[in-house]
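Attaching a single structure in structure tokens format; questions to follow.
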Amino acid sequence: MSAPISRYPVPSLESLPEDIRARILAVQEKAGFVPNVFITLAHRPDEFRAFFAYHDALMEKEGGLTKAEREMIVVATSGANDCLYCIVAHGAILRIYAKNPLVADQVAVNHRKADITPRQKAMLDFALKVALASKEIGDEDFASLKVHGFTDEDAWDIGAIAAFFALSNRMANLIAMRPNDEFFLMGRVPRQK
Amino acid sequence: MSAPISRYPVPSLESLPEDIRARILAVQEKAGFVPNVFITLAHRPDEFRAFFAYHDALMEKEGGLTKAEREMIVVATSGANDCLYCIVAHGAILRIYAKNPLVADQVAVNHRKADITPRQKAMLDFALKVALASKEIGDEDFASLKVHGFTDEDAWDIGAIAAFFALSNRMANLIAMRPNDEFFLMGRVPRQK
Amino acid sequence: MSAPISRYPVPSLESLPEDIRARILAVQEKAGFVPNVFITLAHRPDEFRAFFAYHDALMEKEGGLTKAEREMIVVATSGANDCLYCIVAHGAILRIYAKNPLVADQVAVNHRKADITPRQKAMLDFALKVALASKEIGDEDFASLKVHGFTDEDAWDIGAIAAFFALSNRMANLIAMRPNDEFFLMGRVPRQK
Amino acid sequence: MSAPISRYPVPSLESLPEDIRARILAVQEKAGFVPNVFITLAHRPDEFRAFFAYHDALMEKEGGLTKAEREMIVVATSGANDCLYCIVAHGAILRIYAKNPLVADQVAVNHRKADITPRQKAMLDFALKVALASKEIGDEDFASLKVHGFTDEDAWDIGAIAAFFALSNRMANLIAMRPNDEFFLMGRVPRQK
Amino acid sequence: MSAPISRYPVPSLESLPEDIRARILAVQEKAGFVPNVFITLAHRPDEFRAFFAYHDALMEKEGGLTKAEREMIVVATSGANDCLYCIVAHGAILRIYAKNPLVADQVAVNHRKADITPRQKAMLDFALKVALASKEIGDEDFASLKVHGFTDEDAWDIGAIAAFFALSNRMANLIAMRPNDEFFLMGRVPRQK
Amino acid sequence: MSAPISRYPVPSLESLPEDIRARILAVQEKAGFVPNVFITLAHRPDEFRAFFAYHDALMEKEGGLTKAEREMIVVATSGANDCLYCIVAHGAILRIYAKNPLVADQVAVNHRKADITPRQKAMLDFALKVALASKEIGDEDFASLKVHGFTDEDAWDIGAIAAFFALSNRMANLIAMRPNDEFFLMGRVPRQK
């Protein structure tokens, strides 16, 4: 009864272009397994390269947001878009970065009640408005971020992560991407060192 | 009373990395002007590169969809997301590719009443479901496409374009990207050679 | 592949009652063509008379709103209702009245980003609330208009135009009224004298 | 604590143009009181004339719909638009025409559960789609009406009544039109001759 | 054409457990008839007992809300949920408790325009937010109640009544519970003693 | 930064009526801790008693649904209502009953993609319609259940569980009920005996 990891053909590692195979092997080395987003999107090599270049440009850059905060944005907006893969996989990463086994489930369901700072709540308010009603974004939204010390460049980061996962959530839902079983438990057990 | 082209600083061409400047000059050469999406997104070079790599992978690839059909997807989903830049700029491109001065406005407002084929209506039904309710995409949606001769790879193309412009629409709304004045008229006058 | 101008029979000019034919000929004289709203609604003479009497009472009266502002209300609320005929036909009229080739597309998609005054944005906020959530109209909405110098009679004008086009948009969608090709280009070329 | 009958000035009968006064006196003669829609809309004589001309053209014409059925459309769509005046005033008229003290409350809340015929349910399905999602009206909706014996002209009647009360509901909400106390009880007591 | 009172079998009084029969007979004694909610829910005795125990705990307790105010909450939230049984039956009770033949219809459609106090409007704003968007309830909502003198315990009462009728409305809609004819007229005639 | 378990005072076990204390001690005995729903709702003893009587009548009765299926309904509808407490606490119970560490997260986000049977998907379709659009429940929904072998009594069970958690979700959101930390991990580790 367990569903396949993608509605589309999943390539074998050997069949992939060298750069993509190298990237996937590096991830496997680090994580201990290959997250399904890599191997399922590799069905389209050019799109794969652009997707991860974009991802890295947003998630691994320097700036005013911590890595855990970037993942909070992913989890909160994926929750609003009901994307199982992104909630589960990025929820795991958020738990690890935040060293907090509870925050991912909280943020995915209702950031208003999560154990996060008022500054982080303002960040997620902005991200969710970009995700759900970007037409209505205006000066007052940027002003609400400034109250908490976010710069305009931070606002771009927040909004761009929400925008990128608008794409990512839709791709995962389109191909029925299945989260790896490993993600469900990662970061939940306190002493996971 | 006319708004700036972006809420963010707009770089000068000279200040840009060589590859980005070259890309922009090439577009200017072809179009006769620099579409604002290029110069405004160049504020973030790494994101610029990923954005256009992704765009090209989807919009310039071979496949079962014509160039005009790809632009229809952009215009219809951007209409649903109320993104002025994308409706106006891609509406212009659609008019030119389709050699039809009316179709862009029709598709942006209500594809059900547009002068397009039943096959194209089914394509836009699928694209709009990915744009607005990707959680609910299921076997029956792929089956509806098959009735009109679309393959699974065509379905990926349709859905991925809708997903990419989910990102693009949100970025344009986030930075208040302004369409170039030139786009509003392009492709409307029959004999525009 | 081009659709008919109405789902219903379209009367010949000769078959129409004298007063209706006269009105249509006068419009044709002025515009150079017969806008489809006239000839398609003439299928029902009594409703035609009431429709245009109402239209004229709202759109050609004296008052605190300019003719261009009245058309802005039509275009913004028709955009919210996704009515192709009204967006295209009244968009043309708005471009001409405002002597501005861009404003109609801007207002139809997102008045928050349009090249209009803060007073006009407040006017369209009010109009859109009447169009979309009239149940919630209250003292605070009238107060927001007063800040910009609108009187209670101006508020009636704004709300009544939004209400009338709530009817008009639904009639156009009901009968699948098609905009005349002429409207798509009108007012877009600067020197159209 | 009882609210005024309109947010706007209410004219005295004597101050009104002769034709409007005559119409109002005739209604008063028949109903025993002046329904507030007449005296509150008389604040704007030209709009008053067009409003009631339109109303009469739709509600008093011959055709495939009974008078009770026309009022059902008014009550069902006014329920969907949360317009107190129209639900209460036309609910009273519906009870009288249908000689049924229960049907108005049923139809205002949920026509699916009302004591009406399957044909009337199909009629109200169509009317509510025009009221709430006219953009999506298509061939299949006309076909659903035909199954129950409705002609295309009946479909125009149904849709046009829904469209006219889209206007009427918004005007009543705009001016905070208050239903006359008399309407609440009318047609509820079996023997009200 | 009149629908049955429930989609499910309706037990005879004699077939019911003693405590349930006693409760129903007591209601009949007081009201003069058996409201359908009693006899239809008696199909499931254990759920019946819990339902009415919950109802009584909320509706018959002491506290800062009058009985009429508790019924206002029921009618307003049942209006938002489109539950015919609860609007009609509790509307009747509200008219009687409030000694006001108009208030129930007003509150069911739009409490903003009802003849109630500003304090009662704030109470219904809170109740409707619990009914429709409980996820968003926060400190600011409790603060809005305090402005009008409501305590935190009053807030629990308001929210719990809205929550209980979220259940009740769904049960009534699930089983297609029909309001007794008697309710439609109760409390409408001023001198009904 | 960790929020309290309720917005309201939480009673000490000793201060509670004997029957409520006994119930809570029994749960603690079995679970190893006191789930917060017990101790926070005990703030109102009468409502507590009715709440758990209702809960037990629905969740512990015999019938066509397994215990795991009942919990699926809770988790799916609580997901739709964004209720953190119910998703987390009942998600834990579902994982244990179903002996499946993945199913709770799947069902909370999107039951269409969960590893459940087509019969269970039909069950959740029905439950979600009761939760979100009970007004529209009709014969066709009962027919869809019958296709999968569900009886009318099963349909009552499904709908009543969805209705009860419509109440429960709103109460939890109203008082900001916090899930116990223990629930987040329960049932996730295969061999958790």
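Going in written order, the chains are labelled A, B, C, D, E and F, and every chain counts its residues from 1.
Note that in this section contacts are C-beta pairs under 8 Å (C-beta built on N, C-alpha and C of every residue); 3 or more make two chains touch, one makes a residue touch a chain.
Treat the numbers as computed from the prediction; the structure is a model and nothing was measured.
Undergrad: Mind listing the chains that sit against chain A and also against chain F?
TA: Looking at chain F and chain A together, the chains touching each of them are B, E.
Undergrad: Can you check how far apart chain B and chain C are, centre to centre, with Cα atoms defining each centre and the answer in Å?
TA: 28
Undergrad: Let me have the rounded angstrom distance from the C-alpha centre of chain C over to the C-alpha centre of chain F, please.
TA: Using C-alpha averages as centres, the distance is 51 Å.
Undergrad: Using the average of all C-alpha atoms in each chain as its centre, how far is it in Å between chain C and chain E?
TA: About 44 Å, centre to centre.
Undergrad: Hey, what residues on chain B touch two or more of the other chains?
TA: Where chain B meets two or more other chains at a single residue, that happens at 82-83, 110, 135.
Undergrad: Okay, what are all the chain pairs that touch?
TA: Once each pair is checked, the touching ones are A-B, A-C, A-E, A-F, B-C, B-D, B-F, C-D, C-E, D-E, D-F, E-F.
Undergrad: Help me check something: in the complex, which residues belonging to chain C touch chain E?
TA: 135-136, 138
Undergrad: Enumerate the contact residues on chain D facing chain E in the complex.
TA: Counting only chain D, the residues touching chain E are 1-3, 79, 82-84, 87-88, 101-102, 105-106, 109-110, 113, 115-117, 173, 176, 178, 181, 184-185, 188-189.
Undergrad: Once bound in the complex, which stretches of chain D touch chain C?
TA: 7-8, 43-44, 46-47, 49-51, 53-54, 57-58, 61, 81-83, 130-131, 134-135, 137, 142, 152, 155-156, 159-160, 162-164, 166-171, 173-175
Undergrad: In the complex of these two chains, what residues of chain B are touching chain D?
TA: 110, 112
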